[in-house]
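I'd like to ask you about the structure that follows.
Chains: A, B and C, in written order; residue numbering restarts at 1 for each.
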């Protein structure tokens, strides 16, 4: 039995009258690749932002990496990495400058940053791009870089919000290889996506509909439960109940 | 045409949805016209005065009393020494010091001559010289009353009439200036930033690929801004008439026409800026640098253009606000008709056409 | 503390990647100080005047000549009647009209008194007032000239009483700026203006730009503390402001020979205190704005208020008391005052401690607010 690194119950977020996230309860185990699925507007990003400590829950409780999400959100931040839907490295900084900045923010020393940067660029085959301004990189490369930066400080958990949005299938496959590598190193991966084929790569998935979690299990178990051939079909069955549009 | 209207609608909806920006754009002129209309005053008032009078007598106390009673002066006390006076002045606590010599009355009565020294803090030359002038006038009138001459012969009386602004209100002069300044800032930033933002996000390319002609599209984009700016103008006009009491002596219609021409000009300038820069920050910096300081300094809003060296007079001719402000002053305050402002009108139109030409040429080049 | 280094490094890199910013920091102060001080002048020369001379006598001609020779006026026209002169004023060809009645000289000789009429375009109140003062002065001079010429026509008794008339000499002395040069007064003001623009606008656009680009979210999920984040934003602007000041002080010296009579270090020190407060204001605006457009409107709005109610162009003491209250919380008015004292009055650092203290308090409040209003969690 592995330890639980994320554990929440009754987590809720309201914006005025609108309930974006409606009493969700789940847990994520150490080293797991946890898929967080849902249609656009289902509340995935909001839920993830509460876990990362950048959105204050309206109700509910939980811990991430052993810290309380209400009171110890700044502690949580030391132990997680985050890569958002919107590409969020600094476009007007060079590749190495972005790595250095985020390394420095997490308290790594200049020396550690320098050696790790070399290793990272080597691994990604990015040596040539060391001095390239990020805005000139192709999208797929940017996302690989953003992911690498998000786990540069070796966090316990990494949150990925639609990491493969807009990139071609070949690049997506490469990206998922990187995710597996990270998981092998013991980093728990919490990933939202709306590509259902990617759901198959996860150890467990949860499916959000209208702010609630309607299903949570391994992909195989879900297919069995819903009597479906693919995750895509599982998802379509659930999505039919949704009242919220885009 | 249908497409065009649909597009204008879309732009309107876009702007109306952003409540906060709308509030800022409409609220900003209200606050500013009220603040500046009431607060900005060129008149020199509240002159902090002190006296140094080693041997007080009937004359010196009389003069001091006169100055203290005068509403322009604010009496700070009598100084015990010249040093004390110097220190107070250096610390910026004193504007004017009236220094009497020893035995003032005695020398005046016996030799018929005595001197009063006025030390005026002239780091602000205007304030410095005007405070001295006020004090001089008070002392002179005191003297006249005490020379016991019934009448000095061969006096020429001057009868003054202040035309257009008999109460010499500063607001008459500033209100057209503030209109010109506020509209310039709002319109330029509004257009340049919002278009550069679309450039930054890449949505401009999408729009340019739409079936609408490029010129039409840009025109459609500016229509909502035109409407909002015109509402701003009306708000300013209403406030200055009803709250600040600035008259509208000329034709309202003519005033509206000038406003529309000027708004078009400033929006065109915003468009031109948007073709020159590709970052929102730079659009703001550029607009701020070119729209604010030149209007403050060279439009005649505060400083009369006639006093400037010729080079600057020439430079001021390319400041759009100058022509707007002149036209508004003529119509609003002097009550003049269109025959008196055709020059300003032509210049405003000419500048607009020039800027639009530059914008179109620049945009074409970029797309090719 | 270590994270601060990385954050500041990043801010500087970003700042200098935008080629407009370093150029602005260097060129703009020089440009502003080179051009705009010349535009500022209330010493009114070249007032255009129309003289409507109905008298056409020796005296009226002498008065006209005297006005023209004064150096303040330009004789625009001598129209035959007031109506024509008024038309000239409407066409903005003349600023003043002097009307000399047909009985000007006969009144003078027979009744020993006479009068002239004057109409001034007073849309610009100060200019109108000064213009009419000048004319009154010239007319008074002229009348005392006539007095001494025509003295012999007076009865001996009144001649004696005029001679006995006691005379008070009024000797004005213009301290700190004896040549009454407006440039000397305005240049320190322009320095404050430059600091306000550069160190106000740049911070105001800074955080909101990260919001628009989405990078702020990336920062918010990191353990960076709010104080470090805000400090890293502020420190580069303090440096920029100091550079702007050094360039401005040098430019003022090289272009106009203007150097603080007090201490130049005091000038730089007070500038730093001011930059602290103004860049804090910029960040607050940035924190409360959702888009760069909002931020830019707001920052321009506040900058205009700071400048126009801060005594840059019109004296604070002439404002109504509520506006003077605004000036009491306006860092602009404190620095403009301080600079002018240090530059012209020869004040020492000790003389301006009150102003520095006030600016310091404002800076602490604004920067505290900037940290407080930066929310890492929504």
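Keep in mind that, in the parts below, a contact is a pair of C-beta atoms (placed from the backbone, for glycine too) under 8 Å apart; a residue touches a chain by one contact, two chains touch by 3 or more.
Remember, predicted model here, so these are calculated numbers, not experimental data.
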item: Of B-C and A-C, pair with higher C-beta contact tally; value: B-C
item: Most widely separated chain from subunit C, with each centre as the mean of CA atoms; value: A
item: For subunit A paired with subunit C, centre-to-centre distance based on mean C-alpha positions, whole Å; value: 56
item: Distance from the mean Cα position of subunit C to that of subunit B, given in whole angstrom; value: 11
item: Two or more partner chains touched - positions in subunit C; value: 18
item: Subunit B residues within the subunit C interface of the complex; value: 18, 20-21, 24-25, 28, 31-32, 35-36, 38-48, 89-92, 108-109, 112-129, 132-133, 135-136, 139-140, 143, 146-147, 149, 152-166, 168-170, 172-173, 181, 185-186, 189-190, 193-194, 197, 277, 279-282, 284-289, 292-293, 296-298, 302-304, 306-309, 311-312, 315-316, 326, 329-330, 333-334, 336, 340
item: Footprint of subunit C on subunit A - complex, ascending; value: 49, 52-56, 73-75, 77-78, 80, 82, 84, 86-93, 97, 100-107, 109, 133, 159
item: Residue ranges of subunit C in contact with subunit B within the complex; value: 18, 20-21, 24, 28, 32, 35-36, 38-46, 48, 89-92, 95, 108, 112-129, 132-133, 135-136, 139-140, 142-144, 146-147, 150, 154, 158, 161-162, 164-178, 180-182, 184-185, 193, 197, 201-202, 205, 209, 212, 290-294, 296-298, 300-301, 303-305, 307-309, 313-315, 317-320, 322-323, 326, 337, 340-341, 343-347, 351
item: Touching residues on subunit C, where the partner in the complex is subunit A; value: 2-3, 5-7, 9-10, 13-14, 17-18, 213-215, 217-225, 376-378
